[in-house]
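Written out below as structure tokens is the structure these notes cover.
Per-chain residue numbering starts at 1, and chain names A, B, C, D and E are given in the order in which the chains are listed.
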Amino acid sequence: MSDSISRRRFLQLTGLGAAAAVMTGCGPASRYVVRRPYTDMPEYARLGESTYYATTCTECPAGCGMIMRTFEGRAIKAEGNPAHPVNSGKLCSRGLTAVQGLYNPDRIKGPARRAKRGEESLAPLSWDEALGEVKTALSAGVKTAFLLGLAPDHLYDLVSELAETAGTAKPVRYGALGMFEARATLVEAARQLFGEARFPFFDVAGADLVISFGANFLETWLSPVAYTRGYSQFRRSFGADKARGYFISFEARRSLTSGVADEWHPVVPGSEGLLALALANLLAERGWNLPVSSVDPAAAAEAAGISLEALTAVADRAAKAARPLFIPGGQALAHSAGLEAARSILALNLPKGTLGQSGGMSLSPAAADAASMKDVQALVDRMNAGQVETLFVHGVNPLFELPAGLNFAGALGKVKRVISFATYPDETALQADLLLPDHSALESWGYQRTLAGTAASAIAARQPVVVPLYDTRSSVDVLLSAGLLPYADEVEFIQSRLLPVLSAGGGNFDAAEIETFWARFLQYGGWWSAQGAQPAAQAAAEAAQPVQPQSLGEGKFRLVVYPTQLGDGSGANRPWLQETPNTSTTVMWNSWVEINPKTAEELGLHNDDVVLIKSDAGEVEASVYLFPAIRPDTLAIPFGQGHTALGRYAEGRGCNPAEVLAPVLNAAGDLALGDTLVSITPTGRRRPLSRYESKVGVYGEH
Amino acid sequence: MAAEVKPIPNAIPSPHAAEEEDLREHLMFDPRPREEMNRMVMDSMTHTTPRYWIVVGILAVLTAVLLYGVWGYMIFTGIGISGERRPNYWGIFIVSLVFWIGISHAGTFVSAILRVFKAEFRRPFTRAAELMTTFGLAAGALWPLIHLGRVWVFYWMIPYPNARWLWPNFRSPLVWDFMAITTYLLSSTIYLYLPLLPDLAMARDRTKGWRHVVYKFLALGWRGTEAEWFRLRKAINIFAIAIIPVMFSVHTIVSWDFAVAQTGGWNSTIFGPYFIIGAILSGVSAVVTILIILRATLKNMDYFIRLEHIDALGKLLLVFSMAWAYFFFNDYMVSWYGGSEVVRTILTFHASGPSAWIWYVMLLCNVAIPWLTLWSKKLRRTPWLMLIVTLGINVGMYFERYTIIPITLGHQRMPFDWGEYTPRLPEISLALGSLCLFMLLYMLASRFIPMVPVWEVREGQEAHQLRKVGKTVVPSVSELE
Amino acid sequence: MKKPLPWWQRPWVRVTAGLLVFIVLGGAVGGIYLSQQPPEQPIQFPHNFHVGSGIPCLYCHPGAQWGPVAGLPTSDKCWGCHQQVAKTNTSPELQKLAAYVKNNESIPWVPVFIQPDHVHFNHRPHVAAGVTCETCHGDMTKMTVAEPIRGQNMGWCLDCHSKQEKEKWTRLSDCATCHY
Amino acid sequence: MATSVVHMALFKEEQLDEAAEAIQVLRNLGISDKDISVISGTPFSEKMLGRPMAWTSIPLIGGAGAVVGFLVSVFLNFGTPLLYPIQVGGMGLQTIPTSIVLTFELTMLGLLISTFIGVLVETISPSYGPRGYDARVTDGQIAVLFSSGAELDASLHDALSHLGAEIVHGAEDKKLWP
Amino acid sequence: MAEETNQGVWGLVIDLNLCTGCNACVTACAMENNIPWVGEEDAGYGRSMSWINMQRYWEGEYPEVSPSYQPVMCQQCGRAPCEPVCPVFATVHSESEQINLQVYNRCIGTRYCANNCPYMARKFNWFDYAYNIPEPMNYYLNPSVTVRRRGVMEKCTFCVQRIHDGQENARAQGRAVIDGEIMTACQQACPADAIIFGDMTDPESQVSQALRSQRKYVLLEELGTQPKVTYLKGEGYYGG
């Protein structure tokens, strides 16, 4: 503990005064600028040189290791942690812009009370009063509900413990990324096949053939940096040992992931399960040990909108491959038949006997209590029934991320007290009665279990890299302040949770007692075991029931909603994420609707025409982008824009496609968002999209 | 003066009166006493109507707001208020630069080249053309400054010893530009001033008050002694000969701003002469425009500036329009034949892209209209038509530069980075502002500088005599030198 | 009638012209002079006394030997000695130091030798190459608060760089050495 | 000729022949060419009036200016890159083709500016010969100025009047430039 | 002290076989080099400041349509067309680092260099974008990199500040720079390891090894600019 205190003190002493100096201009005016030196300089600090802290990226639940470069008390640059098993020193755009979240000018600067929900005006609140409110709320027992983000972190553990010991309701978790990935479906399929509810991990690096069913594993899927690393190895050829991997993708639109595929088959969304069964039959013909189902490959190919030859060619290629890998992605699973599809696709990985080996599938060692929409729906039902007095919201923005058809907003109105721990003034915070802002991730302690980015068991460490900018307080400390749990503060809680790991051993470092373990844990950026876990013995794989994709009515289109670099939408307040062009379309700062040029021509639509996309659940407006690589019967809208709150960089841009998603669940309890059918109506208006690519010549209409 | 040719005194009635009457259409054969001409010129300078001052006032306000106001605003906010973007890093600013520098070629062309080749019709309007050169350069020299991102450090382009040990990069065409424009501005101003000395002395002798003081100062004590005339003639001769290569070099260097770049569509050896021809075409047509306006608005000018002059310049225009078309064709022909895909894409884009109308207007104004009208003597002598034609040529030439600069820049080797440039209001305002500045300077100068070089006209009239050959009278030109 | 003087000989013209010249020149000279003045410091720190009593520069500014920035001493470092110095209790300047230490505030020093943003200066190679502190910072035995060296601009840097060995000149004259 | 007075004979515009005649008359009367000067509003060459050739150093000054401009350009092109060598674009430090441009411009600038300076200097430097001025000169009249002793007054008057000149005795010299 | 050893020639290799077009390099570059964002309107107008253009080209017709990605940054030409045209030596060839250098404070904003860059790698500060970053977001600005003001051209520098840091560290420790020790920000972030940076004169360096690939090509080789950035063709589009 002394360690932590000295760290905190150092950070305070470093001060923020020096920051101002950097920004002043280069003219004579900046000649004399006041500098505030340390009052007491820590011995390891060297003036004018950067200090690096290992921490964990919290931009998505993957849990990449991050090294933050700090300079004179300011966080300067996020870099990957080279020792971390998930990302090996690499980061994606979201992680790299973490500092823009930390220093976002629109952060909530202190605890506050909102007189009227939905209004921006706030009354200041002291932390003492705030803690009093929390204490009252927690004492209500089961009438107190928690809605948390997807991250499997220490807060979730704490709230779970709180639920057990103090009798509050079990925390509900939700995240838009989980919705798009249909995590519960994936985990449930793994449970049905292997008997354990774990996330599968696909060792792309060692495979020689990857067949993806709508998995955007190079963008946001589960652990994109880890999979991109694997993809990089997959694509390399090491002399005679390993040929360059071959990548086949079944997806309705050519996403960034499908974009680099050697073969792309634009299949009807929802037909992936059928295709997998057909592929199984074809492979069984070629000698694979797979249960044969009644699916006729020709009929399946037709239903999927591809040719039988293409499907047979895929089967031939797979039959020849030494280590083929079949990846079920969110677009294949977020359907009413998603669970069957997941099982069919996962089952394809079994016959080659590569489970747990290089180039094969394994199960993540961490237990996955994947959150599903079913839980959220249950929470909404309880809220509607008036069984929730206090709702704590942390790390999730349900009013933005949930499909509007669920009517979370209406349910929220029945909750007496909504307490938001939000760091940024998001849509949910706008409807909260109390704002008890948490530190931003770069200012706080924590740990996070790694679920999907590695076959090894790993716990990533989070530590503050700068002194908190504002009068914020760690949510764990806030909850502990009620005195219901026997921990003095956050760090003590975390350390207590690390004790089992300490005793297990076999990780990247050894420590005799918790103080040393803690120091090293922070220094290395986490603890991870050297060995990957083997998957359990497989259960008998019986063929899933074939389910035909939904039929398309007249004037209706299938809708693909996919997450971009904005992730679950919380990235929308990072100006550089907004200005990082979407690679496929190069659009920045806004939402668009992807339409096949041929369809657009039939509908008389041009680039930048504003159209109304309407489903049974709702409607949104966006500008048209003629996208050459999407099925003519499918539209696609990126997720993440359309904020009505969340600060100056996010507000009022684009549309939120969650508003058109119907609240239909599949067998595993995930939202069947792929079943959404929409119609498209021109509005007659134009709104030019901000595109990075050329708008004249070969790309645009003159 | 050839001794055997006895001048036929104007006063004596001639047996060939009818033929003489025809010849009187020419200024040179329609002499008036020097005193009267002096008075006419002085009247043109001193007689102002309220309308004149209203126009000057409006122009002054427009210049202040459109040019200096917007420029100041741009300096304080950034050059982004213009429509420039990647890849069209140069837009109207450089178009206007090339345009005004081009305009400024006319003065030297009319005054120096025609002087060296003793084209007598030049005499009454050399001054007007030289003024156009100087003011055109004054308007043009603003543009390199306006277009700078950080105009407050423009002096880093000037070679001077400094504490940083740094000199300009003399390998940069922009430094050549800077030097060439400076040289041209200085020498054309001097070249305007030297032949002005006798006229300033004339004005000095005919004015009182502040004008007298100023003219007295400017005339440098001119008396008209033999030595002074001799020196003046010497100096003007040196200038007339030396300024011609300077003029050619200036626009060649402006063309090198583009031609030395590897940019597709710019990298062409033909750009030097192409630009010069274009410059002379636009300059001469601007001279015609101005002469027509001067003739219509300035007092007594219809005596000095006659249809014969507009007619003669019209013929020149036709020649230059043809020469321009030749170079234009040449540029296309060679690029097309060379088969460079980059250049072919650009040239195709000129004629078929979203800005193709600019290309067509350019050809219409520079080729079609001049060729259709200027062949006819009758049309050449119709001032309002010539005004339209010459204004059209200048619009066409502006569009030519527009095609060459931003449109070409938008279509380079990286198709992903192609772009289209649309000028924004501040840029257009600046361009109009510089036009206002030019007009303002010209109008003010017309009140202050004798718009006609009386002594040169008189010199010409002295030299032009009628001579009887056989049964008729023919003009004979002798030289006074 | 008295002949009026030409305009350039009239007194008011000449006086105005003189005034203009004076203002412009005076402004320029004054501006340069003022920009070279030492700034107001929170404590009138006597460098001459400290250096004179044998304290090496690197004791208080240790960053110069290992990194880009020499650094300003922490108030703890000052107090380490001064709490044992009797004069601390009597001198009014030292009372300010005592106040800062007592309130645990950092002393708002104003750096005198500071490069603009677009210049990246690194002390270490200079110290390693044997450049003494006085070369750039002047003789501190003669100053109380630090005073700037006149005309410390790019030419000043280059003057010294050009005196180094010829084979180093390529690197020492390279723009990227300081500007990036 | 300390005692001599400057006289002026004014001829009308078209009386050029008479003016030339008058100069001959003056010469015949023993007035030397350097005591005669002619001022006119139109450039008549010396030959027309039968006067000795004037002399000017303007071409020399101009030439000298050109040389100075050339030398400056040589320094800028070839000297300054040595002062602080900076490599650009794989070119040499001193490049001949680019230097030609600047050399030409600066040589011309030197030539033209010094020509003008020559005019300026020669115009404002004191000149010899009889001085005097009449504003009618800029109206095209030709003034023959000469200084002579009083003893010649009568004969001069006759001869010049005969040629049609208007004679101004004791023409005064106006201060035409500050 | 290892003084004045050969500084080497820095080179960058981008393996298009591995590049997924994820744009992490673009963001990493922006975060490292204080590149400001310009907002929706200006970004759409072509004023985005990002030093890496992630170029995306479509080939073929649906359903055989496929994108290809090519990150294009300043190619650090050996014979850079941008350099000689600058009137004030604001863009020069750095002899000691063997890169093409932009001296921000010397730039007067003629934008000629950008016109003359065939790779369109140069970006211009049309407004005071970086100076208008609201407090406290400007706290993350990297003190090792000059914050550019309006009217100044800028471009990829091969993270020259990192090169300096690495060399300085090595010199302070009296050793030569180790291959891989100096990383550009884009290379460091690239999840696919498609970007390799290092000394091209060292035959053992990763860059030199990558440069022996048959797949290598440079952009617009016909212009003779001698770029220091080399691309390796994507294998999907490569016959051999």
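For the reader, a short list of remarks on this structure follows.
Keep in mind that, in the parts below, a contact is a pair of C-beta atoms (placed from the backbone, for glycine too) under 8 Å apart; a residue touches a chain by one contact, two chains touch by 3 or more.
Because the structure is predicted, anything quoted here is derived from the model rather than measured.
Any chain bridging chain D and chain E, meaning touching each of them, is among B, C; the list is complete. Fewest steps needed to get from chain C to chain E, stepping only to touching chains, is 1.
With every chain reduced to the mean of its CA atoms, the largest distance from chain E is reached by D.
Most remote from chain A, judged by the distance between CA-atom centroids, is D.
Between A-B and A-E, more contacting C-beta pairs join the chains of A-E. If each chain is reduced to the average of its C-alpha atoms, the one that sits nearest the average of all protein C-alpha atoms is E. The geometric centre of chain B is 29 Å away from that of chain D, both derived from CA atoms. Note: centroid distance chain A to chain D, computed from Cα atoms, is 90 Å. Averaged Cα coordinates give chain C a centre that lies 60 Å from the centre of chain D.
For this pair, chain A with chain C, the centres built from the Cα atoms lie 52 Å apart.
Annotation for chain B: residues touching 2 or more other chains are 165-166, 169, 171, 175, 415-417, 419.
Residue positions of chain D touching 2 or more other chains: 84, 86, 88-89, 91, 178.
In chain C, the residues that reach two or more other chains under the touch definition are 6, 66, 116-118, 158, 175. The chain pairs satisfying the stated touch condition come to A-B, A-C, A-E, B-C, B-D, B-E, C-D, C-E, D-E. Those residues of chain D that touch chain E in the shared complex are 86-91. By the touch criterion stated above, chain C contacts chain D in their complex at residues 6, 158, 173, 175. Interface of chain E with chain C (complex): residues 1, 3-4, 7, 89, 92, 94-97, 99, 101, 103-106, 144-147, 157, 160-161, 164, 168, 171-172. Across the complex, chain A is touched by residues 35, 39, 63, 66-76, 100-101, 104-112, 114, 116-118 of chain C. Touching chain C in their complex are the following residues of chain B: 162-166, 213.
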